[in-house]
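Every chain is named by a letter (A, B, C, D, E and F) in the order it is written, and numbering of its residues begins at 1.
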Amino acid sequence: MDTTTHRHELGELTLSRITGGTGTSVVESLKDIAPDLAEWIIAFSYGDVMSRPGLDLRSRQFATVAALTAMGTAMPQLRVHLHGALNVGCKPSELVEVILQMAVFSGFPSAINALNVAREVFKDRGTTPGEKLR
Amino acid sequence: MDTTTHRHELGELTLSRITGGTGTSVVESLKDIAPDLAEWIIAFSYGDVMSRPGLDLRSRQFATVAALTAMGTAMPQLRVHLHGALNVGCKPSELVEVILQMAVFSGFPSAINALNVAREVFKDRGTTPGEKLR
Amino acid sequence: MDTTTHRHELGELTLSRITGGTGTSVVESLKDIAPDLAEWIIAFSYGDVMSRPGLDLRSRQFATVAALTAMGTAMPQLRVHLHGALNVGCKPSELVEVILQMAVFSGFPSAINALNVAREVFKDRGTTPGEKLR
Amino acid sequence: MDTTTHRHELGELTLSRITGGTGTSVVESLKDIAPDLAEWIIAFSYGDVMSRPGLDLRSRQFATVAALTAMGTAMPQLRVHLHGALNVGCKPSELVEVILQMAVFSGFPSAINALNVAREVFKDRGTTPGEKLR
Amino acid sequence: MDTTTHRHELGELTLSRITGGTGTSVVESLKDIAPDLAEWIIAFSYGDVMSRPGLDLRSRQFATVAALTAMGTAMPQLRVHLHGALNVGCKPSELVEVILQMAVFSGFPSAINALNVAREVFKDRGTTPGEKLR
Amino acid sequence: MDTTTHRHELGELTLSRITGGTGTSVVESLKDIAPDLAEWIIAFSYGDVMSRPGLDLRSRQFATVAALTAMGTAMPQLRVHLHGALNVGCKPSELVEVILQMAVFSGFPSAINALNVAREVFKDRGTTPGEKLR
């Protein structure tokens, strides 16, 4: 198996493991307008970057949720990665913690807006942050 | 012990545990111009938020490093929190992973600029990412 | 009355004075997913920060509207704070001035997008900027 | 013809040339709430800036599309300027290239979100990026 | 006096009133590389926008300081406008209030970084926030 | 030649063509702390993205300079890409035009800060924008 095939296959595996159907459908949706971007997401973002062994997937998803919350310009991606975080074993209450923490670093509006996405994701999954958070 | 004292003491404890001398000196430096901001950092940011039991400190620091890297407007704070991350047990190689991952979400410049801060932090601590990263 | 009660009561008072029903309903809406964030908004954002005597509430709302316009990532909060600004005595024409000024500092798109929110807020309140602006 | 008239007329000409009806209707929509902003868009943004002879309009639109994609806070304006880019002779496939390139500089989410706007613009115009992009 | 002369003269007056020598020297420094940008700052930013009668200069400077603090990408301009705010009668303690308030909206790092600029500006002017802030 | 070798070699070629020694030394400087990021810059950013045939290199550099100016968080990269733009045939006066145009989209501070970088780059190259710009 040459390296290109390897990157693609590894990326598909990690994409599927993290985002499940949600991520796959984002990638599919790009194929009409920018098939190479779809391929880069698989081979680069998931094959080269997210598949790296040096950090567990739960920590990777905490980092992604934090960054997308702080940026505030990527709500559709935040939704995908909250699903992704739940898929790799992050607990809803932990994701709420990551988002709340962003109130300190990027301000209360960024945390409030991200929680509104999280509420919908949790509802779609039939889950809740579970207990009073403190 | 009333709640105000509790918040302050809990905050001091967590601030000291995460940032050690670095964070304390930031807080001290604010006392001339905005003593109440210094107190909010202790009682709110560290007492109310960072001390919450629902997420371990390593994960909190991964989240903070990710967010500050993605924002790109808080290099002094990134430095403090890279120190903080090392203080609570994040490995240098794991912090490099978090920063590299941001190339996907906030672009290569954000990752490169954060790595340049990380290199200095690692040097100050006499540590390195240790091994070839992959 | 201990300090914690004081912060909460002061915060509720200022929240109610600035945002009226709008802000209260945002806070209420957070209680299912993050009750502590709801409490922080009251006790910290409004009790500790917005209640401080060193700056009048009109100036505080001009500052908030300016910042949220410039950031461009917090349209729901801009709406709440435009209402808040009107509640504490800012004139519609003054709020338009603050937003127009942001064309200089954060660019024309940020001003245009904020004006589109302001138009809706003014309409909801049955008010207008009133006169030709110059 | 005095300079003020000149700025306005030159601006109207360039606005019309770049954005056609779309830009004109944005300007019209501002006249109720901020007529002077509408005038600044014509006389300053299009008269003073976009009409300058030192750079061709295609390059100007590539620059605008790149900036609005990277900022991520100006989707309505991105839509207007994608139309504008097509109006001055940029090819759909070239606009996709500019957007894809932003994956490197401002991250994959910024590119994906901009492509979703581009897809709608291309559809409204009955055009496509035309060929497999590579 | 035709309108162009009027815009320029009005802009020079307001620029001088707000920023004094600091702003003038920024404008001067641009003349080698982009003389038209220098002119736009005078005629558009200060002549068209900042000179408008609908909002007092103190409120305008509160808005500008808030926005530049929240953006975090314009520290040299924040410095100029903190000077400008002091020039038009804002008190140091009021400027500290505006900056502290941004901790809520754009996060603690944005407030801390802006305070570090404010400290230098106050020092250059031989002033201080004067009293314990609360 | 397999695809991996091809991506790397193509990337090196384009990196060298655009950024010359400047870009190569950035890549080299990353090898101690994150050798894989260095490789991604070559194989992904320059091999996969910047080498694509669908857009000429001058247009690509206009887009990059526009985006980095608007973002305001990537001054070291703006410097590299201003050099890169000059290397692929953009004229200094054209780069000034792109930066000036950003005053409209991301605000005057973003344009002023970018011009200050451009002035240094032009000086390093012994060039100037050449003529009065209009």
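By definition in this document, contacts are C-beta pairs under 8 Å (C-beta built on N, C-alpha and C of every residue); 3 or more make two chains touch, one makes a residue touch a chain.
These figures come from a predicted structure and were not determined experimentally.
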item: Each chain counted as touching chain A and chain E at once; value: B, C, D, F
item: Interface residue overlap between copies chain A and chain D, same or different (over half shared); value: different
item: Furthest chain, CA centroid comparison against chain C; value: F
item: Chain separated most widely from chain E, comparing mean CA positions; value: A
item: Averaged-CA centre spacing for the pair chain F and chain B, given as whole angstrom; value: 31
item: For chain B paired with chain C, centre-to-centre distance based on mean C-alpha positions, whole Å; value: 30
item: Contacts with two or more other chains, residues of chain E listed in rising order; value: 36, 40, 44-45, 49, 52, 68, 71, 73-74, 77, 96, 100, 102-110, 133-134
item: Chain E-touching residues of chain D, taken from the complex the two chains share; value: 2-4, 36, 40, 44, 48-49, 52
item: Residue ranges of chain D touching chain A (in the complex, touch as defined); value: 71-73, 96, 99-100, 103, 107-113, 115, 118-119, 122, 128-129, 132-134
item: Chain F - residues contacting chain C, complex; value: 70, 102-110
item: Chain B-touching residues of chain F, taken from the complex the two chains share; value: 26, 30, 32-37, 40-41, 45, 68, 71, 73-74, 76-77
item: In the complex, chain A residues that touch chain B; value: 44-45, 49-50, 52-55, 58-60, 62-71, 74, 77, 93-94, 96-98, 100-106, 133-134
